[in-house]
Every structure is written in C-alpha cells, then in structure tokens.
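Chains: A, B, C and D, in written order; residue numbering restarts at 1 for each.
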Amino acid sequence: MSDHLLSQLAGEAARLAQLGFMACTAGNVSVLLEHQPLVAAMSPSGVDKGQLKPADFIRIGADAKPLPPDTRKPSDEALLHVRIYQATGCQAVCHGHLPHTTALSLAGGQELVSREVEMQKAFAGTTTHEGARHIPIVENSQDMEELARFVIAARQPAVPAVIVRGHGVYAWGNSIREAGRHLETVEWLARILWLCRVGGITQPQAHARQQS
Amino acid sequence: MSDHLLSQLAGEAARLAQLGFMACTAGNVSVLLEHQPLVAAMSPSGVDKGQLKPADFIRIGADAKPLPPDTRKPSDEALLHVRIYQATGCQAVCHGHLPHTTALSLAGGQELVSREVEMQKAFAGTTTHEGARHIPIVENSQDMEELARFVIAARQPAVPAVIVRGHGVYAWGNSIREAGRHLETVEWLARILWLCRVGGITQPQAHARQQS
Amino acid sequence: MSDHLLSQLAGEAARLAQLGFMACTAGNVSVLLEHQPLVAAMSPSGVDKGQLKPADFIRIGADAKPLPPDTRKPSDEALLHVRIYQATGCQAVCHGHLPHTTALSLAGGQELVSREVEMQKAFAGTTTHEGARHIPIVENSQDMEELARFVIAARQPAVPAVIVRGHGVYAWGNSIREAGRHLETVEWLARILWLCRVGGITQPQAHARQQS
Amino acid sequence: MSDHLLSQLAGEAARLAQLGFMACTAGNVSVLLEHQPLVAAMSPSGVDKGQLKPADFIRIGADAKPLPPDTRKPSDEALLHVRIYQATGCQAVCHGHLPHTTALSLAGGQELVSREVEMQKAFAGTTTHEGARHIPIVENSQDMEELARFVIAARQPAVPAVIVRGHGVYAWGNSIREAGRHLETVEWLARILWLCRVGGITQPQAHARQQS
C-alpha cells in the first residue's frame, strides 16, 4: 500500500509542479503512513518536485527526523507537516509557492476573502457558492515550531489551507489528491481575486438572486 | 459509433483541461447518444477531467439519472446538460471554470459584450468581426432546475454559450469539437476584454474602415 | 524536398499552437513551393493547427484556389498569403491570433512602437536594441483582396509583420522557422508593451548609456 | 564527465525554454569545462534552445572563440559568459529573456528590490526571507566587452544575477541546475513585484512579526 501511496504522491507533486507551484525547487509534499506512532513520507530537500520517484521520499517520525538508518535530508518544513498531521488528523499535506496568493498576501491583513465563487466548493465540505470563504494569512518565520504555531492557531474549520505571507500555502486533505486540490483551489480563488482587484471589480458582498 | 464518440469526448475534455478550464476537478462534458428518448454520455463527478477514459462516461436519461444497471454518480450538473439538449437541439455540451470570464462576471451586469474582434467568428454561424456579440450572464444557483431555467431563458441565438456568474460557462455545439471550441472562444474573448479593461482600452463601438 | 518542407510546416504550426496563437482552430500557415508560377502549400480551413500532418496541406496557385484535382478547402485567408508572397518575395507566412497584440490593437492608432528592447533583434536584419521598431496596424476586413491591399500598403521594411486590428498578426520570413519566429516576436514585444502599460511604465524614448 | 555535463546543460536549456525564457531562439547557456586555461561549452547561435543535443554545444576558449578545428558560431554573448566565469569563479551561466523582469527594468532605476519574500531563499546562500534582495540593473549594449564591464561592476555578493535593461537576465551558479534556478528565481520575484505593482500593493519595508 505504501508503494502505491508514494507513487501517487510523486504523481501529485509532478502535477503541482506542472501548474507552476513548485518553481525553483520550492514546495514540498507528504503523506501519512502510520498514525500512532506517526510516520510520514516526505519529499527531499532542494530537488525538482516535478521529477520525484517513490524511492526519493523519506520516512520521518514525530520529531520530523528521518527514520534510521535513513540519513537523507527531508524538506526543511518537515516539522510543520508533522504538526499539521497532529492538529488536523489529515492524511496528506501539500505546500507550494503560489504567485497570485503570494502577491495578495503582501497587501497586509489576516485573510483573503472569496465571495460567491463556485470554485469555493472545491474545498471539501463546502456545498454552495453562497457566502464567503476566509483563507487565513499568517506571518512567515524560519523557525518551524513558531510557523507551526501560527498555522495551527489560524486555521478555519471550513478552509483546509493557510497562507504564509510572502511565501505560499500549506494545504491538507483526507487523501493526496484532496490535499493537492485544496492547494490548487487557493491559487484559483486568489487569481480571481487578483483579476478582479486589477480590473476594479468588487466581489459581491451578498447573494443576489436573478428573477426566474 | 458510441465508442468513437466517447473517445473523442475524453480527448476534448483532456484538451480543455490542458487549457486550464477544468481546474480542481471542476468542469464537465457530455455528448448526445440518442435523441428520442434522450440518452447522453456524461463525465463522472469529482475526478480529474484530463485523465478520462471512454468507460468512465456514464449513460444518463432524460431525468439525468444513470441508466440501470449503472449506479455511478454523474456530475451534479447532469440535469442542466439534459435541459440544454432539450432546448437547443445540440449534440454536445462542455462546461468549464474560465478565469477571465469568471472575474468579469463578478462586475455585475447581464452580459459580456465583445465588439469588432475577429475571434467572434469562432462561434458557429458568425461570419464577420463587424458588430458585437452579447454573451449572457445568469446568476448562479445550486438548484439545477432553477439554473437550467436561467440558462435556457438567457440564451441568445447567435451565441452558443451562457456565463454563470462567479462560476463559469456552459457552451454547446453540433459536435463535441464545436462545443469545446465555443467554450474556448468565450474565454478568449473575455481575456481580450480583461486585457483591454486593465489597459484602459475601450473596444470600438462601431466599425471604422481604413482608407484603402 | 516538398515532403520535408511540409513536415517542417506542420511542426512549426504545432509549436505556434502550443504557444496559444492558434486558439479555437484559428490561425494558418503556408510555405512557398514554386515561385513562377506560384505554388504554395496552405493549411486547411477549420481544423486544429496543433495536429496537422504533411498530407493535410493543400497546394494552391496564384488564384489561392486548390490545384486540381484537389478540391479541399484551404484557409479563407489563402489569398492574403498569396499577395504577401507576391509583394515581399518571402518563403513562408504564419498567421496567429495573439492576445496581447490584439488587445493593444483595439486602442486605436496605426502602429505599435517598441523601443530599446533587445528582442527587437529577433526581426531578421535588426542588429541592435537601440531605437524603435514600428509594427503597422491595419483595419480588419472580411474581403481578402481589400485586407491584402491594407497589409501590403502598410508594411515597413524593417518589420516582417503586420497587425490586423482586433484580429491578429501576419508575419513572413525567408524560411518557415523565420516566419514563425517573427510571429512570436510580435506577441513577445506586445506583451512587454502591455506589461509596461498596465504597470504605468513608459518605454524609453531615447538611448541612455550607463557610465562605465 | 564532459558528455554528462553537456547532456545536463541541454536538459536545463529545454527546461528554461519550457518556462518561456528562450522565446524567439533567444537565450543561451554555458558550462565551464576547464578552468586554467578556460574552456567552456556554449550553446550555438540562432537555434531553438528547447531542442539542443550535447553535440550542439561549442567549446570556446578565454577569447570566446571556438576551439579549432571547430568553426561553428557560438552565441554572440559568449564573451560575456567568459567574463562572468573569470570574475565570479562560477561553474555555469544561464541567460534568458524574462518578460516581467524586462518590463520592470524599463521603468528606470538601477535595481529591482524584493522584500520579505520566501523565494529570495532560492538564491544560494540566502537563508531567510527577512530583509531585501537588490537585483542590479545595467544598461544594454551590443558591445560585449562594454556589457561585460557593466555586469561585472554591478553584481552584488548576495545575488548571483544581473538584469540588463530591456533585455533579460544573466545568472550564474556552482552547477548547471543552480545557474538555471537563479534565472528562474529572478523572474519569479519580478513577477511578484509586477503583480503587486499592478494590484497597488507595496511590499513590506520591514519585518513585521505576528504575535504568537
């Protein structure tokens, strides 16, 4: 089962790389292999995420260190992945550097708000475009324990993703494909927000119905 | 014949996915197989539309339910496809989430208007760039019967597509390729509208001829 | 030799399609096969230009009609290609619908002006970024003889391409690859012009040297 | 070893072409083969950089001329590559025409400044997003000795790349992949700067910490 999962994880990383979310060897992905004690498979540090093979993933424990005898270096952000597994009970985590999301995060504020957009339904559990989805933004930090605290504290029940200012997005899900889809969804919604902002368009504040 | 059509439908869905119109497993496509009683082949719910195989499509009847003994779940919007077949007499329907179209639809109004653009000729039956093409915008709804009423009521004879606000586009045609081309055409025209809007460019209101 | 040329022409059409210049089955390409009397190979009407095979091209004469016994329909714009061969002495013509170029052409005026951009050197014969390149814009017309007159009258010696307002670009060259490169060059320069325009950036009016 | 390096160089050139950095046969790449006396392998002039094979690269010496008996023409900018090897001690150089970087360079000024963006860490040696990275801009010149002087004089210790106004970027690194990654990093940061500029967003001037 583990081989199948690692193969799927490599495929999803390649798909996200193809979307431009893993530029400059950035970005990382992981999948939970065992829950108690925690074992996850994590992408390696500093390589092109579009070319990963199952054997490239590194098994890490709850301390985010490689399980002996493996001594390879997982992504620097492995500890943040572990904390997300512990806090959310999810099965997979994807992180990418998303251009529209990153640019909008630099405008300040503690969230991006998408309103009345059908694609909000791509977040698992959202069943209507009506209303708003608030995607939290936290400050960036090179201290992974600190960044993990920011992310855990900021997360919203209806949104399986947190934006890190000037950096990118952490998204999670109940499967590898769902975690990847949630990452893609944040950038899609942020792109619409940016296209609207630059076009002088305000997203609707309330649900307006057409006469039928 | 049906196998050939389903193969073509999978190919067109992959082409539209490659264009970025099926992000986050969104979007759906169908083709009419029998007219009376109506049978259509519909893409399944919640999967990547770039990877479909002919066997993945689900035969549905006029009630938008799978034909027994098939119990798989077609796309939630199957009923809207059925209503479009019934109202227009078309052979295929394609639905995608188009970023520039979606952003512009959030500006309000009941239509996007493209003027004096050659690509307007990519709508079947349009033979000149002169004049305007009005692409209707309807409100979004999670009630497929209601959304179908909006779409059917709003459609224009010269434009084989309707925009759903904050959502995307339904396009249809006399063949799979034509339906897909009509979807692509709406986003191409909307992208030009957005590039003009942001660049402070007003599309011409009337046909101006150069002296020759 | 002809087979090799048609193979190359199909490859260049696929490359231009990949760049997004042949959306919605638009765009067309041709290569000169014989000069006197003129015979050219022209892409067919209404098909995806990313999937052409050598046998798909249609031999046409100076009247832009298929050479008997061929009765297939070449692109509607075949006559314009013929007129460009006759006026310029070029070996190949490429036409595409280029989004930034099309949007900027709708702002009015008789030319796009690129200044002090290195990529101006991608036009054959231009050896420096210094100074400006004026790319003519003509009005669109569905009458190919009229459109040909506009294009022939407007062309500039240093720029092997003419923009048709709200439509796209015709580019030519001494080889298939050169004609395709000239098409690509117009959109690259227009994209820089649009990025500057929207960013409030004025391209330099004169050559400023840095102290060294 | 040399064959392996040339294969890797062709692969990196294809990757950069795929990112759109080598449009219109522009751009060039090289790798150092011997240090004393200097021998580098340089991409040829005027060909598509996405299709290079190891045998296409041309060995050049410290005078930027092909080593006899080779008489093929290396890229016009070979001399600039040589000067960068001599001044920096790097192992590889990549040059591309980057659209957002080029547009922003036309706004004037002597640098692009990126602040508080995580991707700044994609420059080798940068370990935090805190603070700013100043990417120098020099004037363009068709005289390679002059352009080399501009580039060498302007380079900053923390940034392995220099922007040439209206032209593109020269980036270098301790390996082929690192040089390519540095090129990609400049355009990624410039794209964020452009997205912010057009969206009316000012990048933070100082590091603001969230209360934790």
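In this text, contacts are C-beta pairs under 8 Å (C-beta built on N, C-alpha and C of every residue); 3 or more make two chains touch, one makes a residue touch a chain.
Bear in mind that the values here come from a model prediction, so they are computed numbers and not experimental data.
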Joint neighbours of chain C and chain B, given as chain labels: none
Farthest-lying chain, centroid of Cα atoms versus that of chain A: C
Equivalent interface positions on chain A and chain B, same or different at half: different
Chain A and chain C, separation of their C-alpha mean positions in angstrom: 42
Whole-Å gap between the CA centroids of chain C and chain D: 30
Of all residues in chain B, the ones touching two or more other chains: 198
Arrangement of touching chains [line / ring / star / complete / other]: ring
Every chain pair meeting the contact rule: A-B, A-D, B-C, C-D
For the chain B and chain A complex, residues of the former touching the latter: 23-26, 48, 97, 99-100, 102-104, 106-107, 138-142, 146, 149-150, 153, 164-168, 194, 197-198
Touching residues (chain side chain A, partner chain B) in the complex: 116-119, 122, 127-130, 177, 181, 184-185, 188, 191-192, 195-196, 198-204, 208-210, 212
